[in-house]
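Chain naming follows the written order as A, B, C and D, and within any one chain the residues start at number 1.
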Amino acid sequence: MNASVIVFPGSNCDRDVARALEAASGRPPRMVWHGETELPPSDLIVLPGGFSYGDYLRAGAMAAHSPIMRAVVERARDGVPVLGICNGFQILTETGLLPGALMRNASLKFICKDVYLRVESTETLYTRPYRAGQVVRFPVAHHDGNYFADPATLRMLEGEGRVIFRYCDADGNVTAAANPNGSQDNIAGICSADGRVLGLMPHPERLADPVLGGTDGFPMFRALAETLTGRAGADHAIHV
Amino acid sequence: MTATTSQEITPDLIAEHGLKPDEAERMVEILGRQPTPTELGIFSVMWSEHCSYKSSRVWLKTLPTEGPQVIQGPGENAGVVDIGDGDAVVFKMESHNHPSFIEPYQGAATGVGGIMRDVFTMGARPVANLNALRFGAPEHPKTRHLLSGVVEGIGGYGNCTGVPTVGGEVNFDARYNNNILVNAMCVGTARADKIFYSAARGAGHSVVYVGSKTGRDGIHGATMASAEFDDDSAEKRPTVQVGDPFTEKLLIEACLELMEGDAIIAIQDMGAAGLTSSSVEMADKGGVGIRLDLDRVPQRESGMNAYEMMLSESQERMLMVLRPGADDKAEAIFRKWGLDFAVIGETTESGRIEIWHKGAQEADIPVRALSAGAPEYQRPWTAREAPAVVRAADVPAPDSLLGALKALMAGPHLCSRRWVWEQYDHMVMTNTVQRPGGDAAVIRVGDWSSRKAVALACDVTPRYCAADPETGGAQAVAETWRNLTAVGAQPLAITNCLNFGNPERPEIMGEIARCVTGMGRAAKALSFPVVSGNVSLYNETNGVAIPPTPAIGGVGLLPDLERMATIALKPDDEVLILLGE
Amino acid sequence: MAMTARIWVTLKSGVLDPQGKAIAGALDSLGFSGVEDVRQGKYLEVKLDAPDEAQARQDVERMCEELLANTVIETYRFELEQA
Amino acid sequence: MAMTARIWVTLKSGVLDPQGKAIAGALDSLGFSGVEDVRQGKYLEVKLDAPDEAQARQDVERMCEELLANTVIETYRFELEQA
């Protein structure tokens, strides 16, 4: 798999997701600086977590205007999968690749802990290896993860099955108590109409290695590696 | 000499700068004339308790600082310890007490920023932060505000820079009501053969300023940190520094990128006394002089004079001495990361610090006078009378043991600290093998295939130190040791932050002397040397001093994660064993 | 021409304002009983140099649309003043 | 009496504004070359009920001092309006 991880000034989960991608595919992703205007051939583009531009003004706002984002938007329109984790999700909403916005957590506090998520749809590249309704444990670590969209957009997302992850309790019940940030309808992750752009606040890469206490995130990377092997074509070195 | 900053040097002005009359005499003697205002400012910060350790130095010298594992002990920006396979850990703890009381969010945030710079200055990537916090009584009207501000500030800074905050401690005691303690520790990892030091060896090399621009931030913070509080210092307070963690993150990446090559001769962060302490320390350690041209300093505000620039505490700045011919390459890296870069002077053979601004010489001082020549006091001390021993038999038994246990667990001293550490990103970097909540945090060193880790803990029980400083000091070291061994680590070395009241009072000096003695005794007995640390004195308000609080931060090595232990009880039918007396 | 733009970015009505809500709660517990609602927005001052006012106005409008406000949830308004 | 207080909370001059600095940089890279400085502050609208304007003024002043502004680094000003 040729994956590209975009590095913005202030990204800080770029190395983490690169390790998960390498562990799953046997091959390190390219790290692409935000100031570039061209993307290398990529079967997957990842916008990592962190604090691009310090989260100043609004999380993701300034990164959405980085030179590389024009190329990312173009590739996304061509169907190249784009995964935005945490700050990456915020950037995806700011560029308009995903609808809605991520607002300050209802508690107003930064929150870092493991949460349970219900996999709402397995019809995406990312969630194929999970069972529909499966409960997975991923960590969250964010200050602005409170998903908002207007009622029409929410109806559309629900109607088209584009809500991919929802915060829930250990038994899969979607409750207010299980919602760490006040997100509408406990939304933790959504995808684009073609299912190829996924944004989620929780960090699958943080529980993708048994040493760290869990591996629920690993199947996502593994599935991407298996599905996307060699599709970019231009560069066929070492596939595992 | 002519100086653009002109102000008459009166005894009042000298006193305001925290210099005692005999210290002022010594300054005039060294210069052979009256100082300029800029020189007075420089002497004042360099001879402050904070920079010179004038009250504590004689005692610090008694601490054990050596061992086969020690690569660099006290005397550099941070301590460096060998962890095998060519790897090293670099760590230090530092206080940001007074600023955090004045503005809890920014005070704590900039404390984290400062300690991280001490670590990455040495070529290490920061991999974990810890913090030891003391607040006043839980019911004191300021406590809630201070606690939430400090925690948010530590999180705000650490989270943004992408360094996990993995441990620490929180205590409450009415004697901290007006003097909270915020001690931040940072741990980094580096290759043992790629450690960077602050000695600016060789004359004629460029002195380079990088990072953020200089403003009038916190001018006189360094001397302020050494002066006792009184009721109106909240009013007289100078501008506090505001942290910019985003810039810090860029600075980490830019410095580490430059450090991959061999461009740097010496590097030093601009800590509490900014341009003054960084240039003096680099010159002093390298046995050279430094000439700075302040017109070239990147400035955020207009009309700053030499005094202000030399004393500014603007954050996220570093000073470097570069090898000949390396300027362009270095500049390209810092520009790429969007940071200021300016050659602001050069090293000289004069052994003097010479400051020029707008064509006038503002300061000309022999470097040694500011460092080795700083005052050192053998302050008188007395041992406080030990409190009466409370015999267990004299304490009425609780009605119900279970009730007592519940009360303890729910009380502010022992209740869960989850509320604190859930506001810290403690997992970023995907190396946090043991998260907060156990005896020590465990951080993997290396990539995902690595099985090597370090264990980190920080401890002190001020109430023990108040009851018996020597035993309390020893106990703090021993407790840190136990917490590291409890996760299966081999303890390696410690850092510390000595927080006390006014050392000019013999009973406080007695606490310092005896705590340090106890720490040294335990450290020697356990081969657990002290490799770095920091001293914060004058933590008292209206004559009420904090309890003696020598915070200890320890680092241990787990060569193989298979051997790691955790606090959780495992299956139902296991046997519990109590060890020790 | 040196100008200052004063820009207000506020949440659209209908968008829940967690910060405003928290502040209202805090004011209430501080004993300010008359507080009925709090909305928090951003206020920016941008100093800029433009050939003339019309150009400045157009620039500031674009700054708001492209960066300063997220029009999914926010609205903005601004005033221009010669500095 | 129902009133609205419009409150501006801004950093004192001389205090570093990291957000403003980053926004200025972003505007510059978006091609707005004339931007010289950006300062970011907060704007709040507080709806409150008070017996009269004098009381409202006094209340809002106290709200600012006690909660809305961090007077170590920020200043505030406000306007009152009958709602």
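Throughout what follows, a residue touches a chain if its C-beta (ideal position, glycine included) is under 8 Å from a C-beta of that chain, and two chains touch if they have at least 3 such contacts.
Please read all numbers here as calculations on a predicted model, not as lab measurements.
Trainee: Considering B-D alongside A-D, which chain pair is linked by more C-beta pairs in contact?
Mentor: Taking the two pairs in turn, the one with more contacts turns out to be B-D.
Trainee: Quick check: how many Å separate the C-alpha centres of chain B and chain D?
Mentor: 34
Trainee: CA centre of chain A versus CA centre of chain C: separation in Å?
Mentor: 30
Trainee: Rounded to the nearest whole Å, what is the centre-to-centre distance of chain C and chain D, using the mean of the C-alpha atoms as each centre?
Mentor: So the centre of chain C lies 10 Å away from the centre of chain D.
Trainee: Could you pull out the residues of chain D that touch at least 2 other chains?
Mentor: In chain D, the residues touching two or more other chains are 18, 22-23, 26, 30, 40.
Trainee: Can you list every residue of chain B that touches 2 or more other chains, as numbers and ranges?
Mentor: In chain B, residues 244, 246-247, 338 touch at least two other chains, as defined above.
Trainee: Counting only residues that touch at least 2 other chains, which ones in chain A make the list?
Mentor: Touching at least two other chains: 53-54, 56-57, 61-62, 65.
Trainee: Tell me, which pairs of chains are in touch?
Mentor: Final set of chain pairs in contact is A-B, A-C, A-D, B-D, C-D.
Trainee: Would you mind writing out the residues of chain D in touch with chain C in their complex?
Mentor: Chain D residues touching chain C: 2, 8-10, 20, 23, 26-27, 30, 32, 34-50, 59, 62-63, 66-68.
Trainee: What residues of chain D sit close enough to touch chain A in their complex?
Mentor: Chain D residues touching chain A: 18-19, 22-23, 26, 29-30, 40.
Trainee: Where on chain A does chain B make contact in their complex?
Mentor: Residue positions touching the partner: 9-13, 15-16, 19-20, 23, 35, 49-51, 53-56, 109-113, 139, 141, 143, 203, 205-206, 209, 211-213.
Trainee: Flag every residue of chain D that touches chain B in the complex, lowest number first.
Mentor: Spelled out, the residues of chain D in touch with chain B are 11-12, 14-18, 21-22, 25, 70, 72-73.
Trainee: Per the contact definition, I'd like the list of chain B residues that touch chain D in the complex.
Mentor: By the definition above, chain B touches chain D via 102-103, 105-106, 212, 215-217, 237, 239-244, 246-247, 300-301, 314-315, 338.
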